[in-house]
Amino acid sequence: MRNEFSWSVRVYYEDTDAGGIVFYANYLKFFERARTECLRALGINQLQMTEKYRTIFVVKATSVEYHAPARLDDELRVTVLVKEKSRASITFLQEAWCVDRLLSRAEVKVCCVDLDAWKAVAIPPEVLKLVTMFSLEAG
Amino acid sequence: MRNEFSWSVRVYYEDTDAGGIVFYANYLKFFERARTECLRALGINQLQMTEKYRTIFVVKATSVEYHAPARLDDELRVTVLVKEKSRASITFLQEAWCVDRLLSRAEVKVCCVDLDAWKAVAIPPEVLKLVTMFSLEAG
Amino acid sequence: MRNEFSWSVRVYYEDTDAGGIVFYANYLKFFERARTECLRALGINQLQMTEKYRTIFVVKATSVEYHAPARLDDELRVTVLVKEKSRASITFLQEAWCVDRLLSRAEVKVCCVDLDAWKAVAIPPEVLKLVTMFSLEAG
Amino acid sequence: MRNEFSWSVRVYYEDTDAGGIVFYANYLKFFERARTECLRALGINQLQMTEKYRTIFVVKATSVEYHAPARLDDELRVTVLVKEKSRASITFLQEAWCVDRLLSRAEVKVCCVDLDAWKAVAIPPEVLKLVTMFSLEAG
């Protein structure tokens, strides 16, 4: 069993392209919305985090596979799971589902960066709750 | 004769929606690209402007009519013309054309704002060149 | 009293720009999400509508005023109200609020178009429920 | 020496986010613009291709590393190189540069799909010019 967080995303015209399906780059937006809501569900507000620690999360790498297309009006279930964690970075495993069909699977690596020096720094302790609650090992 | 600035914009998948045409909100992006390039053509860089005067241009109102759709791969000609000018704001009249077909016509009102106080302030003198060169009255 | 529909929209990084606020063109997306959800709340699915009547709603004109900026993590309340109705078109009056602060007010005119002939046609009867339920006169 | 195609992309407000830099998902748009212009430079129009062969290119996988941020007004050089080719798919190696600084490197795998059956089919012969002209082996 995987103890993953999931968030619902509705597809609007703004998300689609002339192929009649969701524009592939937009899945990165959906995945980020789910990560943000996962933090919010743990009581973490990214702006307050930034003010308190002078740090920001920066996306360092994304890797996305597209399995099936989503269409206008589809309701997607977007999941969040911590795959790996180091001192300054977290790699998420994320999926987008429409009912029981896997549309897309991604790995997103974010790095915690000092706002002033723009250098990698340790992840704030509050965020580590994420790792304990929603990780492959925790399941 | 109108002494307008014009800028070429190509339509990619990212600009279209499931209706097979350019998503209407994206014309605001095209119009902004043309305004930015109009300033650049006059030797004005918005970032340098902001650093020098601590001011920024903020869009206060937009009004867009959609006459005909643009499609993937279309090359649009987007025009810029100053319609009105006050101490702190400029209203642009802009159009998007595909060959000889008018796709969209807009009015965009931008206001010069002080970055610190976030209040309307006088437009930097360099930008007034815009008004003399590309305005309805100047034609 | 106004009998308006309202829909909640959260601001993510994807919605903001380098000014630190929501990019003005993105309010058009927020307004469309609210119109779509308003139809859905009345049991209307736009795709089914299109299949049944071979019609589609096309945005003909938008007019937006920007009063105050929204920022990352803000939760906006976006409203929908029918202002005017003709045989083939509806003009919506829409607003975006953050708590008790009006951020943006817009008028959006949509036209019902025949998919094959791409000509204005009468609005499907189901959609007229919108007009009776959420209009300035109905309040 | 690598025989790559390159295309210039300017950064506008629409491309940035509240971090003051280009929103990471938007690099996928920049990479697609460059691929499209690479095809156009070879005399290939994707819409005509679709009409002639009833095929379309679908993005199957993307993998992007982010090395340094781009900012408002930056002019990026986006490159296109064919890394691998099979009967129905092409994997591109793409980079985004700002002057001599590498901002992002990506692999994008596109698959040629039959519009009616939505199944992988052989790449149209015209497109194979791409492979001979702009590939790692060709350099």
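Which chain is which? They are A, B, C and D, in the order written, and residues in each are numbered from 1.
Please note the rule applied: contacts are C-beta pairs under 8 Å (C-beta built on N, C-alpha and C of every residue); 3 or more make two chains touch, one makes a residue touch a chain.
Fair warning: this is a prediction, and the values are worked out from it, not measured in the lab.
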Need the most distant chain from subunit B, centre defined as the mean of C-alpha atoms. A
Going by the touch criterion at the top, tell me which pair is linked by more C-beta contacts: A-C or A-D. A-D
What whole-Å value do you get for the distance between subunit A and subunit C if each is reduced to the mean of its CA atoms? 28
Report the inter-chain centroid distance for subunit A and subunit B in whole angstrom, where each centroid is the mean of the CA atoms. 34
Would you kindly tell me how far, in whole Å, the mean C-alpha position of subunit D lies from that of subunit A? 24
Junction residues of subunit D, two or more chains touched: 13-14, 19, 25, 29, 32, 71-72
The answer for subunit B against subunit C in the complex is residues 19, 24-26, 28-29, 32, 56, 58-66
For subunit B, which residues count as touching subunit D in their complex? 10, 12-14, 29, 32-33, 36, 45-47, 71-73
Subunit B residues touching subunit A - in the complex, by the definition given at the top: 13-14, 16-21, 23, 25, 71-72
